[in-house]
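Could you have a look at this structure, given as structure tokens, before my questions?
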Amino acid sequence: MTVVYTHEVAQSNTWNFFKLLFRWRGSLWKVLWPELSLWLVLYTLLSVIYRLLLNEKQQLTFENIVKFWSAYAGNEFVPLTFILGFFVSLVISRWWDMYLSIGSTEKTAVHIACYIEGDDEETVTLRRNIIRYMVVVQTMVLSKVSASVRKRFPNLEAFKTAGLINDSEQQVINDFESVHPKHWLPIYWAMALIKKAHKDGQIPSESYMLDLYTKLSEFRAGLGKLSSYIAVPIPLAYTQVVFLAVRLYFVIALFAEQYLIQSSIGDNAEDGKIRKQPELSFKFAIDLYFPFATVIKFFFYVGWVKVAESLFNPFGTDDDDFDVNAIITKNLQMGLAIVDNGVGKIPEQSRDLYAK
Amino acid sequence: MTVVYTHEVAQSNTWNFFKLLFRWRGSLWKVLWPELSLWLVLYTLLSVIYRLLLNEKQQLTFENIVKFWSAYAGNEFVPLTFILGFFVSLVISRWWDMYLSIGSTEKTAVHIACYIEGDDEETVTLRRNIIRYMVVVQTMVLSKVSASVRKRFPNLEAFKTAGLINDSEQQVINDFESVHPKHWLPIYWAMALIKKAHKDGQIPSESYMLDLYTKLSEFRAGLGKLSSYIAVPIPLAYTQVVFLAVRLYFVIALFAEQYLIQSSIGDNAEDGKIRKQPELSFKFAIDLYFPFATVIKFFFYVGWVKVAESLFNPFGTDDDDFDVNAIITKNLQMGLAIVDNGVGKIPEQSRDLYAK
Amino acid sequence: MTVVYTHEVAQSNTWNFFKLLFRWRGSLWKVLWPELSLWLVLYTLLSVIYRLLLNEKQQLTFENIVKFWSAYAGNEFVPLTFILGFFVSLVISRWWDMYLSIGSTEKTAVHIACYIEGDDEETVTLRRNIIRYMVVVQTMVLSKVSASVRKRFPNLEAFKTAGLINDSEQQVINDFESVHPKHWLPIYWAMALIKKAHKDGQIPSESYMLDLYTKLSEFRAGLGKLSSYIAVPIPLAYTQVVFLAVRLYFVIALFAEQYLIQSSIGDNAEDGKIRKQPELSFKFAIDLYFPFATVIKFFFYVGWVKVAESLFNPFGTDDDDFDVNAIITKNLQMGLAIVDNGVGKIPEQSRDLYAK
Amino acid sequence: MTVVYTHEVAQSNTWNFFKLLFRWRGSLWKVLWPELSLWLVLYTLLSVIYRLLLNEKQQLTFENIVKFWSAYAGNEFVPLTFILGFFVSLVISRWWDMYLSIGSTEKTAVHIACYIEGDDEETVTLRRNIIRYMVVVQTMVLSKVSASVRKRFPNLEAFKTAGLINDSEQQVINDFESVHPKHWLPIYWAMALIKKAHKDGQIPSESYMLDLYTKLSEFRAGLGKLSSYIAVPIPLAYTQVVFLAVRLYFVIALFAEQYLIQSSIGDNAEDGKIRKQPELSFKFAIDLYFPFATVIKFFFYVGWVKVAESLFNPFGTDDDDFDVNAIITKNLQMGLAIVDNGVGKIPEQSRDLYAK
Amino acid sequence: MTVVYTHEVAQSNTWNFFKLLFRWRGSLWKVLWPELSLWLVLYTLLSVIYRLLLNEKQQLTFENIVKFWSAYAGNEFVPLTFILGFFVSLVISRWWDMYLSIGSTEKTAVHIACYIEGDDEETVTLRRNIIRYMVVVQTMVLSKVSASVRKRFPNLEAFKTAGLINDSEQQVINDFESVHPKHWLPIYWAMALIKKAHKDGQIPSESYMLDLYTKLSEFRAGLGKLSSYIAVPIPLAYTQVVFLAVRLYFVIALFAEQYLIQSSIGDNAEDGKIRKQPELSFKFAIDLYFPFATVIKFFFYVGWVKVAESLFNPFGTDDDDFDVNAIITKNLQMGLAIVDNGVGKIPEQSRDLYAK
């Protein structure tokens, strides 16, 4: 379910944004803690081995490895930020477009309520069924896309149980033999119903009918776009490059950011080697047992890549993923409510307060 | 309320842009001063403690901490600019799209005035009420989105007091039972009224009616997009990464940018340690008590992030936020004025000056 | 007026682009010379003071300041390029969209000429007046937006003098009481005229009428977008950050780029302090009296920011600003010419050269 | 064929993304291994020659070359990341737009099924043939664009064998003499058939006919856009710059990243030269025989550029390329199934579960 | 003429991309060789003067200049890549939009062929002339935009010779007095012809007529957009900044990248000065007479800027420029062929292979 926090930053003072840091759902902390914990455990392990288990010669070798990777592990050896910037931009623009493509029955429902008048049961059923068919096709597409929808609607039987289709409709779908998806069937039913309603005079004008077709078409187009986004993801190699670059950076940092015993006594050991490493001297000025600086880098780089990873497939079960089951329910309930015979009651028209 | 300064830079000479620096509303200075003050107070506090309260050994430890963070606090340890550039771009494109989505009654009103002719009270009321219903739905949506609108219109009672709805309309809204928002109701009323007007002959052509439907639909679509932007914000983790990165940078700078006593006497103290830090030597060349350079960085980085933070939710109470209450009022007044019987008076047609 | 140079670079050889450097209107040189002159004067002043007026001890203090800022004034202390890249991108995309939003009467005029036939004076007047009203509303909006249009058309009286409106029209505008802008009035007149023409049979088909409404609506929408761009500029704080960052950079450069006397004799003065500054040694290798390198930076950074500043409000009086007065004149003249009774003369139809 | 892995990252935990690394199709490893192997072979060869075949003086020369390129081969000498970021962005936006332009017969088929009713063979044939003609034009365009489609459909004969056209149609195409492509012919047939069906009363309303024309027009426009993307690629020089920059970087790295014998004994050889290279000292601290760091760079840079190269022409035979032959087959089968007399059977209408 | 190489990289193996390097038309090599030759000549000249003509003291001065610029000429003194990235992005997006705006007669022709039936000469002439008028207006606009079209069609006489217009049409154009462009005239003719055809019953339905108007309007809008792109280019100052930055970089490199004699003997001359320049030591480790590294930079930076320069005005005579003359010819020939009485022959309808 999307994490909403917009209202809390209505005023942009620092305090409001500061408070955001203490949220858990959808937060940096929640996405980061498993990896950070793992990293810290490994880091400590290495540190302990180096300090307690290795003999002097092995320590020297270890220190050489540390120095070797230290020289590379500046953020210049693989410029993470740049690729992250472009990758996150790409993921976010796809994510937002996916959200806008899910679609809602509201607009169509309001037009149906306007165009198809009548309180008799047949007409009411007609209106309700068009909405229902829209939700059916949406559920069909989303069940391909989202694991949680697939879990709720594993097969047509589940559709029937949930009241989305009835026996007759299940029959028609099953009778239609095709290796290809049948998402278009309910849309076709809705269109055929509308055409029939036009013939029967329930929809008085051809223009109304075509307008409804356009609305249905837009709704279907959104769902089609959604399928495309899922069927043709960002190329695997790109995702792998980004994932690998960030993780390798911190695997290397396991070594590169180790604080060396030797360094804290660097001034005494005037052995030429040390003198050649002026750029490292501050790092070893105080022998910190906790790698503060690296942890901050971890928050930054892994946090940034996690934004991309959690938006990559927004139909999953992450905190920030779209709550598609709720969307389906809302689309059904609201759509049915709008087209039901409850509407049609427009308030009495009277002059407004400001009329002369 | 949006801060307008476009006219002052009609000519792009430096003087015009220079004068912009002396504005207060919506300015860098206004958004920055609380944080900058806080930072300077903490910086001074640390500086005073270090110089006056610590003994020599503690000072050495402090200096080691300073040197440690100094080595990291180049802008390379966390490349702020890059993430800021992408984040601000994202926020600005969402902000601008939100502004364009608020919508205006003007266009629809002009078409209503053209399509629905008649000076009798019933027709005038019809025209006015369509506009009013548009403003009602806009206010309903904006009251979900903006705290200030919510304050002005906390409930339907407030709508009635403000003359946006009357008893009968309030009744219909209340009678409609639904857990979902009812924003579509006034739009439905407007559409139903238009259809009735078509049936009654006030709107002579079906095409006019459908054209008005399209306008209403666009208006509603804008408001729906607005709701989406508020309901599905930029993922929390992204905002946290950016916020955290900039603030941590300056928390670290509290230490990293401290001027060390030792350094000012660095030449005398030829103790090897100092000689290894050539890249810091200039920083300590003059023992400045005010961290000029860091304050400039503060203006730059925090100012940039503040741009993003104040545009993040443009329906709040920041200087640069949209003045939605004024927009609602304008939409009502202007819409009503256009459709009122004041119009219809088109000037007498005569040959223009350039006609042959 | 826009500076056009596209044709000169039809072939992309270096010579063609090289020649562009020698243009003055709209050029880098023209926008840069005032600021560059000022900077050079201040730089020279500081240099003279340092070399001639200060005593040795003051010189040392000055040199310390220079060294202090030198250490910071690498382009890393505030990464100008990045913020400039994003800011200029934003300004250019707004600028281009503004240009496309100004609108032209040509398209509508051709359709009017097609749809409304007739050579009698009344019909000709009708056609001409629709165009005229379009230009009136354009001029009204642009006079809010552009100082030069406002100067030419300060009030309705000026509109009348210029032949844009007549007494009767001025009367109607004045009679309409409203605190809000009245830009919609002429559009309403045009639409009402078109509807009347349809009723009177001058426009035979309703579809023609609706098509003209669509054209007028697009024209008005463009002008509305234009107003939005001017009314809701890029947030002030963002503009200030960019302006400030670039200018502070060069204020600091006044000190940071000073050539020090001491340095030219650096080899002799083996005083430890010099030895700690290897990265500056080349800068002082030759005591240049003119800061070539900084002037090149000046061209680059200030030139880049100037691009943004001159496009920021393209309705001003910069060389590159849109020549809106000429656009208004063209829209009126061309529109009137198209709809006038001059047209209607279509050439005799005959077989073309390639017909079998 | 596109590599789909979206479902595997429904939840964004690291483990899911980690598993992605072990995929082969479309992976980084698959695109990289040939070049990486070649590079490693060359690297080893150079290393072996240097260590075993050269005499001491030649070794010195070799070492000088290594040092020379080492000094340049920081990622600053040619900033690869930046140009890669922009280039990959451009390629990906073109790639995605190409995918959306391929088009599907589904939407049109549903509308045809609705608009053209009738179970007699003539009407069924009409409906089927419109779909078939759409697939014919799509295949014609795609055979210009994709080598694998061209292989499957080298000429009209192959179209006939595959059942896409019949003798009569082949005749008409052959009879039409033109040096220009004839893609428009089948679209014209479809349109002419639709018009005839309207005249014959199979399509009762003109609006239906025009709606089908719009659908056909959109379908054709997509294919036209596709042709444009292929006919006007990203300028060759841009592709060359990017290709060359990345490859030259690693050609230089063949030398620049060689580990020198001398260095491992650097401390002994206090010959001044070594002392001048402090920034290289860590690289030589341990004489690694496998260039770990460079291989990581290789994964990053070449992997990134490979993303661009494989998406450059997504109609080729790469793992990530669109499976256009399958798309053609699906468009034919699904389109025919939809318009066939199988449809028309809409389920019996009954009240839904939630109806009051 | 556009350089097409898409098919050659259908498979993204390195070999295919490698082969691209050996193309000449539109290649990096072709655009770069004149400037690169010039640069190398100047570089050699300076080198020769320094080594052979200068005395020792002059050499020292020269070396000081070299060292001075060397210190600045890191890519940090003016960050070329960043401005190039943004500038090339801007140019490419404009270039691509220009290409899509040129327009084709194909779509309109197919619709004309459908809507206007009849084999009599009058109707055929009508259809042909509408197409011809479309090509006339396209040629008129392109002759303002492209030098090669202007050369082929310098005046109306040339239009007549080429069979684009006849005497009568030339007369009408000449008779219409206007200081403004007359591009709209042929469009107006086409529209008036269509209206007349509707009146005369050649176009049976008003909807067909309006559909053709829409197509003509889109065609005209594309050409209008094209004119805008040419009339309002990227601001001159921006182009100058980019051009200047890249070229100055290499003018400076003429000095900064000179190999110094002194350096090759650096170890002997232990004069303190050398010791202060550790970061240059590798550059001088081997006294290369050919500046390999700088030439690689040249390929990269100048190659990149050349991409922008050749796309800046894609209507010129560069290899990658659009072949507008061929486009005009194709539009005329193909358009005429489609609307000619050749069409109308739709193949006999028969059941397809897959029909049940």
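General observations
Just so it is clear, A, B, C, D and E label the chains in written order, and each chain counts residues from 1 on its own.
Everything that follows uses one rule, which is that contacts are C-beta pairs under 8 Å (C-beta built on N, C-alpha and C of every residue); 3 or more make two chains touch, one makes a residue touch a chain.
Just so it is clear, the structure is predicted and the values come from calculations on it, not from any experiment.
Common partners of chain B and chain D, by the touch rule above, are A.
Chain C maps onto chain E through a rotation of 70°, based on Cα atoms and reported in steps of 5. Centre-to-centre spacing of chain B and chain C amounts to 24 Å, using the average Cα coordinate of each chain. Chain E has its Cα centroid 39 Å from the Cα centroid of chain B. In chain B, the positions touching at least two other chains are 31, 76, 82, 85, 89, 207, 278-279, 306, 310.
Viewed as a contact network, the protein chains form a single closed ring in which every chain touches exactly two others.
Listed in ring order from chain A, with chain B immediately after it, the chains are A, B, C, E, D.
Interface residues of chain C facing chain B in the complex, by the touch rule stated above, are 31, 34-35, 61, 64-65, 67-72, 76-79, 82-83, 85-86, 89-90, 121-122, 124-126, 128-129, 132, 146-147, 163, 166, 168-169, 171-172, 175-176, 178-180, 184, 187-189, 191-193, 195, 206-207, 210, 213, 217, 220-221, 224-225, 228, 230-241, 243-245, 247-248, 252, 272-273, 276-279, 306, 309-310, 312-313, 315-318, 332, 336, 340. On the side of chain E, the complex with chain D involves touching residues 2-7, 9-14, 17-18, 20-21, 23, 25-28, 31, 74-76, 81-82, 84-85, 88-89, 92, 96, 99-100, 104, 106-107, 109-111, 113-114, 205, 207, 211, 267, 270, 275, 278-279, 281-283, 285-286, 288, 293, 296-297, 299-300, 303-304, 306-307, 310-311, 320, 322, 330, 333-334, 337-338, 342-356.
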